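Shared between the two complexes below is subunit A, which pairs with subunit B and subunit C, respectively.
Entry: the complex of A and B
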């Protein structure tokens, strides 16, 4: 297998430790044997530059795979070929509500097929897993990843094991079970699920998308950034607000901006990466606000369960990216998260999951404090769909008013509303 | 009876592929010293140049992260289980 990978690695050159720079073959492996540093894919950018132009990209189908040279598969993708190219919405009403000149929403709440940005990373991880000869795939998940692994594995004919904390939202549990995946519910929070999966991954020969497949998996997130630039008319956004769980998405969107600049596909202009967390699980934002370059793990307690990672693997690199790009981090309470979900829904007609509430709530704070200047333009990354976390807003968004099928009752209701407006 | 350390895959080359190693009671610092005496080179994989646990290494005693306990001063008793685990991406 090793030989095949060496001779046919597409645009990839090797895996490389982010800490010490040691190189490894392009196998299913994720940490450096010497310092446990994460491994990252190294590309042949000279080769990529020869085949990747704006015109080539624009001639390809509207999916994340139009940036295929910058995604870590050796051959054409085989799983999730329809994923990505979600809408970038100019959010004028929300811009007005938050007090900023220009605002965009990158809406992965409607990503295909499982309504979260995780379809991007899973599409890459499973395509690569098939190239490496795996037939069973697995993941540790706070919900969205489990949904995506279950669905994409089903469509690809792979066997799937997904491991989740037992307190997840019903919507996210059903959304994994329906595809016939083996759903293992762990009595503990995500960090405990993670620890168990690290031990399982070492023992069984499975492709764990966020453990031994992580170097490939994580690269899939870059496609969200590539799309943002192309959809803005081939330019870099000034500010990008990204929710942080492990912090991986923030670092990979940053990397996507670096790569497109380096390849000359966009003109390099200053950009700022801002990170959003829930106050009930804020190890990264706490450290950023205190000016530290390391974080202290926390025990999560928040309705934003998809972001409830107390020991964020990319926390250190997220802090570095925010520092280098002169960005900021902030966090919001459960009530602020619900209010922000409602604000986004009422202004733009987009129903985001709790992580989206975190992103909008944090953007509001950063704009109000001037950390994102009101005269600037910002992109907010919405990563998941509100229909999966109904539990979080149920009872907080009003009740339908019930009447008999009678015109008189309806008119009475309208008259009462005039006297004391409900939605003033 | 002794305490047990589960050795993660990246370190098994050092332990001759042993997955579980028994160590004497004491503290995590003592456990790491004992591992180093038996499997030379393992300490520098776990600790940085200042003697702290490397930032991508997580150490657990009976499933609790030592950063929530007393770090390297965390007591290790007979029957305890110690896991050494690389940080993992989310979620």
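Entry: the complex of A and C
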């Protein structure tokens, strides 16, 4: 299988170290043997240019796989074939509330099948894992990734191991257990749990999606960027605001813009990548605001659990991308996150998870400070569904008003509201 | 038991036949620890060979990518000691636990 894959790599050329540039075969490996730098997939762009046109893409089904030449699979995908092509919504009411000319929401809160952008990276990782001959897949996750691996592995008939910290909320565990995944809860501090997962990933010959499959897995995020450009009418957005956990999504959306420009599928116009974090876990935004090109680890304490990574693996690279693209980073408090979730819901009818609140809250700050000029256009990336983080907003979005089964009571309530409107 | 791929994926921790292990980690030093010769002290206290593959030291932070070579228990004790001495130790993948 390995031999076949190396001779039939699709549009991929090799894995390449992001630090020293050394190249490696297209296997399940993720670290450079020389300097331990992360490996990344490189493609044969000359070959891609020959077969990938706007017309070709537009003729394909509405999924992330319509850009398959730019995704790291050798053959047609076999896992998550329905993922992606989520709505890009022109958010006029939110634009008015935030004070910007034009605003778009890329809504991965409705991504198929598990309602987060992780379905993009997982479908790529599992499709590639099957090509490489794996039958067991794994991940270590506190939420969305676990759900996505469990669901997509079930649909593909793969065995799945999901490692979670022991203090995870019950709702999040059910979202993985329901698919029949082997869910292993690990007691201990985050650092210990993290190191054990790295050890397990190294010891067993499984496709660990965010470890040995990481070079392929991470590329799946580019599809969000490809879709944004196509849905904007084949053009680059001026500003893109992206939530940052490890920082990988921001770097990959940037890469998608570079690739589409390089292939001539969009006209290259300046774009700015902006990163959003929670104040309770802001290693990247803190570094960006201080003008540093490295981050300092922090201990997370925020309601935005899906962004609570104190030592982000792609922190350095996301700082580099923001610098190159003249973007900015900002962070928001838990209260600001809740307010932003409500604002997005009330203006656009979209209920985002806490990471979405972070993105909207940060966009508000960047627009107010002029870092995103009011005359410009911006895209906000919403990465997960609010139904997954109900606890974060419970008790912060009002209460239903109760009446007896009497028309008179209802009319009295309406009359009272007319005198002092509730949602003025 | 799970089926393995034909070629075993590269491992962050490789076990040699003589019981020796290799482990790859990132160390992050807070500013107040940067001037302390911690890797020398580690070499004195534990039977572990240290091999630096990347490093960056500024006034704000020290970052070292390190390979540790020795017996498993000795490597584990050395990592614990680093943590106790205020050094942030992460696996080479950094955050394996994703959201």
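Definition applied: the second predicted complex is superposed on the first by the 409 of 424 C-alpha atoms of A that agree within 3 Å, B and C clash if a C-alpha of one lies under 4 Å from a C-alpha of the other, contacts with A are read in each partner's own complex, and residues count from 1 in each chain.
Assume a residue touches a chain if its C-beta (ideal position, glycine included) is under 8 Å from a C-beta of that chain, and two chains touch if they have at least 3 such contacts.
Computed from a prediction, not measured in an experiment: that's the story for all the values here.
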Should the pairing of subunit B and subunit C on subunit A count as a clash or a fit in the superposition?
-> clash
Should A:126 be classified as contacting the first partner (subunit B), the second (subunit C), both, or neither?
-> neither
After superposition on the shared chain, which partner residues are touched by A:195: those of subunit B (first), subunit C (second), both, or neither?
-> both
Given the touch rule stated above, what does A:37 touch, subunit B (first), subunit C (second), both, or neither?
-> both
Which partner does A:162 reach: the first (subunit B), the second (subunit C), both, or neither?
-> neither
Is A:292 contacted by the first partner subunit B, the second partner subunit C, both or neither?
-> second
Can A:206 be said to touch subunit B (first), subunit C (second), both, or neither?
-> second
Regarding the shared-chain residue A:218, is it in contact with subunit B (first), subunit C (second), both, or neither?
-> first
Of subunit C and subunit B, partner touching more subunit A residues = C
Regarding the shared-chain residue A:135, is it in contact with subunit B (first), subunit C (second), both, or neither?
-> second
After lining up the shared chain so the two structures overlap, which partner does A:15 touch, if you call subunit B first and subunit C second: first, second, both or neither?
-> neither
Overlap of the subunit B and subunit C footprints on subunit A, listed as residue numbers = 19, 30-31, 33-37, 140-142, 144-145, 190-191, 194-195, 197-199, 202, 210-211, 214, 245-246, 294, 296-297, 306-309, 311-313
For subunit C, which residues are in contact with subunit A within the complex?
-> 2-14, 24, 28, 30, 53-54, 56, 58, 60-61, 63, 65, 67, 79, 83, 88-99
Per the touch rule above, subunit A residues touching subunit B in the complex are 19, 30-38, 140-142, 144-145, 190-192, 194-195, 197-199, 202, 210-211, 214, 217-218, 245-248, 294, 296-297, 299, 306-309, 311-314, 316
What residues on subunit B touch subunit A, complex-wise?
-> 6, 8-11, 13, 45, 54-58, 60, 63, 65, 67-68, 83, 85-91
Residues on subunit A engaged by subunit C in the complex (per definition of touch) = 1-2, 19, 27-31, 33-37, 132-136, 139-145, 159, 163, 165, 190-191, 193-195, 197-199, 201-208, 210-212, 214, 245-246, 292, 294, 296-297, 305-309, 311-313, 355
